[in-house]
Amino acid sequence: MTSTKPRTSTRTEVLESRPVNLDGFVEEWPEKGLVAMESDFDPAPSVRVEDGRIVELDGKARADFDFMDTFIANHAIDVASAEECTAIPSVDIARMLIDPGVSRGQVLAVTRGLTPAKILDVVKLMNVVEIMQAMQKMRARRTPANQGHSTSARDNPVQVAVDAAEGALRGFAELETTLGVVRYAPLVAIALQVGGQVGRGGVLTQCALEEATELELGMRGITAYAETISIYGTESVFVDGDDTPWSKAFLASAYASRGIKMRFTSGTGSEVQMGNAEGKSMLYLEIRCILMAKGAGVQGLQNGSISCIGVPGAVPGGIRAVAAENLVASMVDLECASGNDQSFSHSSMRRTARLMPQLLPGTDFVCSGYSAVPNADNMFAGSNFDTEDYDDWNTIQRDLQVDGGLRHVREAEVLQVRNKAARALQALFAHLDLPPITDDEVEAATYADSSNDYPLRDVLSDLKGAQSVMERGITGLDLVRGLETTGFHDVAESLLSVLRQRVSGDLLQTSAVLTADFTPLSAINDVNDYAGPGTGYRLAGERWEELKKLRHVTSATNPETEVG
Amino acid sequence: MTTVDPGRSPARLVVGVDIGNSTTEACLASIGPDGSITYLATDLTRTTGVKGTPDNTAGALTAVRGALERAGRRVGEVHTVLLNEATPVISGLAMETITETIITESTMIGHNPATPGGEGLGVGTTVPVGALPEQAPGQPVVCVVPAGADFDDVAAAVNAAVRRGVDVVAAVLAGDDAVLVTNRLDRPIPVVDEVAAVERVPLGMLAAVEVAAPGRTIRTLSNSYGLATVFELDPAQTRQVSPVARALTGNRSAVVVRTPTGDVTDRRIPVGELVLRGAGKTLRVDVDAGAEAIMDTVARVQPLDDAHGEPGTHVGGMLAQVRDTMADVMDVAGQPDVPVSEIAIRDVLAVDTFVPAEVRGGLAGEVALENAVALAAMVRTSRSRMQLVADLVSEQLGAAAEIGGVEGEMAVGGALTTPGVDRPVAVLDLGGGSTDAALLTREGECTAVHVAGAGELVTKLIDSELALDDRETAESVKRFPLAKVESFFHVRHEDGTVQFSDQPLPPHVFARVVVLTPDGPAPVPTWHGLDHVRRVRREAKRRVFVVNALRALRQVAPGANLRALDFVVLLGGSALDFEIPDLIADALAPHGVVCGTGNVLGTEGPRNAVASGLVRAHAAVLAEGARCPAS
Amino acid sequence: MSAQPPPELTAADYPLSIKHPELLRTPTGKPITALTMDAVVSGELSAEDLRIAPETLQLQAQLADASGRPQLAANFRRAAEMTAIPDTEVLAMYNALRPRAATAAQLGELADRLGGTYGAPVCAALVREAAEVYARRDLLARPTADVG
Amino acid sequence: MTTATTPERTLTLREIGPAGRGTRPDEVVIAVSPAFAGHFTKTIVDVPHAEVLRQVLAGIEEQGVTARVIQVFDTADLAAISHGGAKLSGSGIAVGILSRGTTMIHQKDLPRLSNLELFPQSPLLDPAVFRMIGSNAAQYAKGESPQPVPTRNDQMARPRWQAKAALLHLKEFECIQAGRPAVEVEPVFGRVGSRRLG
């Protein structure tokens, strides 16, 4: 080719080579809903009640309601206070949200009567710092927490167990897994449960699968909760997903009827991604999802764009909208597992900035899936953070004195729990007559980073074993019995304590997790009491001492050594 | 337990328990003081751990409890649990490829692309397509096209050269473009494509390209005299190229390049010796001599005392590993170690097979079916840990537990409960790792043998011969019948019958050869047709089970004469296979033997023979009847 | 959202597993304190013992009401009704509620079965409401299936 | 010849009549979306539509199977386009292609929402993949059992391409002409800077 490009500066070349330029960005197109939260095509707020029924919602008469409007009007909005609350000027409500003198409960008394467009109108007034300020108060549980992913590119149960153990030790309150080969699910779910309990008794686990199998594993007590129950903001996309608000509400009750904690999943961008945003902004549609979840009576929601993060991430103000959607979930009193769980950017700087609106104020689960395995092993298609980022995360917590739910753990402790998790799973597999785990595998697991560091397993035998788990009707009780009889008494006790919780139903309440002493901690007994400086959750005392530790900190007493 | 007093009780409750390689079976019966037996219930569960080791206890207890539950009886009522003397049998498998095809100097391309172009034979000098513009007219040329070239451009270049008078007679392409190029030529020529390493085709050499019409095979390059004609060879040279012709037989297309010393050779790979000791002799046989030679040697050292393979070979490694595994299994805390030297290989089965392997020196990933030998070996030990199992069972159930007899004898006893069977009777227990035979004579004498090779070897043969590289699929091919999905609404079974369905079949099986598993049709990932897959499956079963059936029965038959057998009863998991019993029955029919799948107690099919045999033997002792002496 | 009877439990009674274990029983009638390791090892417990009882869901519904979460409470009340329905039937009912999966008559039968066989009036009401909305939004199964 | 960069080909779709049902059992229908080779000229990763169509056609031709190309105007839903194409195909097999590159192999007896092979990750489809898609479609038409085209995956496709894919999807929807029936077209290839037709 003889054609020459115009000469570019060396600086441009440097900038061109920056990872951020591998990300994709697009212009807004509000008519089609390709816009974060500021759109002239979103409806204006309005509500009218007649005979105890909402007959007009955001400019639409009941006869014109689509099924989202109907469900929200029938179930989500408090009819008694709707007209009064929606009449309050949006700016007043926005100010209540950030005013430390107004309690969380006082805000909830107003938000329970708001329409979707009204909520949008309120949060549109708030900049990202104000959103964070509000999140700090509106988060349902006082103590923030984090959730990890433990998966394996080879679906190796040994890896899932030891990385779950290390993750639990590092602080994740919940652990989630999923599969490459779905038939591996029973073995991997068992591994996650056992590994999690070795790392820290009381960790809750889940395995993301299609509804029937996920529910079955839950009912058998092999997993403890579920969250991959997706909902969408327009009727057409909801129907494309082969569900309706009523089918999902029914499913929510089905989980509760088996004593299993559950939350829905939604997020900005999914409707426009599927081409059916009906001309509404991403945040408006997400607010409809949030209120639908509220109306279904599910205790919580995983949101923050989730698997569509590339869409809000590419438009102006998109990450502000993502922060706002987390806030809206919290301000209507739902547990919020706030995203940061999908590969988001080629730029580390951008990955970190995207996290700040959740990390700084704290949310119920800052990540709804921090990859507790290297991203190459992450079967959720990669997370915003993975095992390589552990030390950075811990340092950021220490720098800013914020609690992101993790902590630095010394190598010896890590190796100890990894080894124990592998041995516990080895003993349990032998006890249940599942394909053996060799001593070589235990050794490899203790010191491994990724799935490549493990001996290959006999996949055929594993799949037969997995099938036999289902056929033989193995339940959580069998796991407890196996662990107890093979000498892993403490792990067996932890698992039994988790199983006992489903009889009590305490984990069904909003934002519930289980502490290391097996106390259910939820929005009922750990109420967020933030009321300005010096109140609410503060990173102090023993926990702060814990977070001061890093891999390398020079000792003040003897600068020739490190503390740790 | 207080209610049971063996001295006075009118009937005692006993449970026979058979711990096999893969399943543990129980047979619950009540025995009257006169030895009369009332069978109450049976149960079957997976064997826990390796047969003959303390790990078996859990499975044995599960089976006993299961049988009790079915009969509505309590654990406390059991008087005696009867266990078989289960000696651990461990089998190993290995495969050695013993031939190798090598092409030197890139003499030949014979990979049979799916869609060659044109038809006929072209002979000329190899020239790169890029050099066609400089090629002088007159001399015939074979055009060689590198990877990445566009089919439109190649066709244009050839057409241009031909218009200039260059005699382009054939082409060899890297890409899958042969039809595309030929369709665009003014004058059609034979074209062979998908030659991945086309850059290694020698240039400036005389080459012949031949493509046959669809559905036909080449005639000239697969014929030694055809090659001699094309390349003007003398008789000595013709003899030298005959392997090339042989290698190309059956192909639809081929390229042969004449180079100074190019050759195709079929080499035997030395893979070491097998040392067999028995009958006071020690014989050696080269593994690459093939299955027949190995099995002849094995026959000459019967009964086999031990076998070793040459260290550093697959066979040597496999035999050593089987021995080590057995040593590990016998290693139980509180029991004396069993030295490896005391663990002997007691049988070897060799089977000829073939493995598709990429040809060394090939330019297009040519695959040749290389010969291979598959070996199964079996190790037994006279020592067992069954006493430990018996002690544990006794402790857990609060009942007596005794070790009741040798498996083969018990199996025969159980087989006798099959309606229509009488002494003398032989049983064949078709398992996963070994095939066992036992004979009970009219006089009540019993002999039993175990031979190596059973269901697992069949799976391995299917896996390698179909190049599946997936044991799970191979296992399905072995276990279930085949069909071809002809549309979303019908399949054609392997017997030719057609079955329609109302619901559309899943897309991933469309147009594929499938195995009809209980969970629905599963595709067999192979380009072979249904008939080929079926032939491989049946041949694998024949070479293992039929060969072993005859071998094992000869070892127990009086005077090694199969005609001396009257009844042969098939038992074990593989007796439930949909065609193995027929294959064996067909093979035995010429010897006048009645052969069929057992139906133990008239209800259990080929299952539960040993467990119910234990009960029978126990009852016989109680009645002070004769007992089959140990062999 | 009709008003619930005044709650007997208050937020201070949470968590029940610690503050009121005496109120918690398994569907088989065992007290939660019977779920011990000894009981597990001896095989006294079955999977049925690890399910939640409808009475417990009613208690949790009271707690949800007491902490200002009427929708959550309603969900727990539906769940309490659903404890009696076998697993496979729960999934079948869920599938019937998917778009265009059931006719008006089928949904009516489903609601009747919930209200009658299972004594589940709250669930039945949810299904009736769905049937009404589906009719208006063209989400009922069409009598002649058009898969083309 | 291998090193020379081939000049970019152009593509126009010349309408030759309404899209009818084919009768030849050895044909595959290629059904393209409303904006294909019109409003848009290349896929999300800049593969020219000329090359996309040329390679799919080549894959079919190499298998000795014929092809007909139709353009659909009243939907931009890939399953609907592909299934509609399959119903018009003499063999019952069709390849459906969206402007951004997303492609599907469909068969007429399958439910609309099912498919034989789906290539959802448009950023990972290059000319070689389009060739294999054509080849596989032709093999299905012949009743053979091709190995499915290997699908690729890239975790970082989300941040780079997700939003652009959504935008292209919306634009394609804009080009829908409700009620306009599908037409059979003749693909006319040309070369930039050259009048010679390929």
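Letters are used for the chains, namely A, B, C and D, taken in the order the chains are written, and counting of residues starts over at 1 for each.
Here, a contact is a pair of C-beta atoms (placed from the backbone, for glycine too) under 8 Å apart; a residue touches a chain by one contact, two chains touch by 3 or more.
Bear in mind that the values here come from a model prediction, so they are computed numbers and not experimental data.
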Weigh B-D against A-D on C-beta contact pairs and write down the one with more. A-D
Looking at CA centres, what chain is most distant from chain D? C
Per the C-alpha centroid definition, the whole-Å distance linking chain B and chain D comes out as 44
Quick one: report the Å distance separating chain C from chain D, using the average Cα coordinate of each chain. 49
How many angstrom lie between the CA centroids of chain A and chain D, rounded to a whole number? 38
Per the C-alpha centroid definition, the whole-Å distance linking chain B and chain C comes out as 53
Could you please specify the touching residues of chain A with respect to chain C in the complex? 66-67, 70-71, 74-76, 78-79, 105, 108, 211-212, 215-216, 219-221, 235, 239, 242-244, 246-247, 249-259, 294-299, 333, 473, 475-477, 480-481, 484-485, 492-493, 496, 499-506, 508-510, 519-520, 522-525
Residue numbers of chain A touching chain D in their complex, please. 1, 22-26, 29, 32, 34, 269, 272-273, 275, 307-311, 313-315, 342-346, 375, 378, 381-382
In the complex of these two chains, what residues of chain B are touching chain A? 46, 48-49, 58-59, 470-472, 475
Within their complex, chain B touches chain D through residues 114-115, 129-130, 146-153, 157, 176-180, 183, 214, 486-489, 504, 507, 510-513, 523, 525, 527
Going by the contact rule at the top, pick out the chain D residues touching chain A in the complex. 5, 76, 153, 155-156, 158-167, 169-170, 173
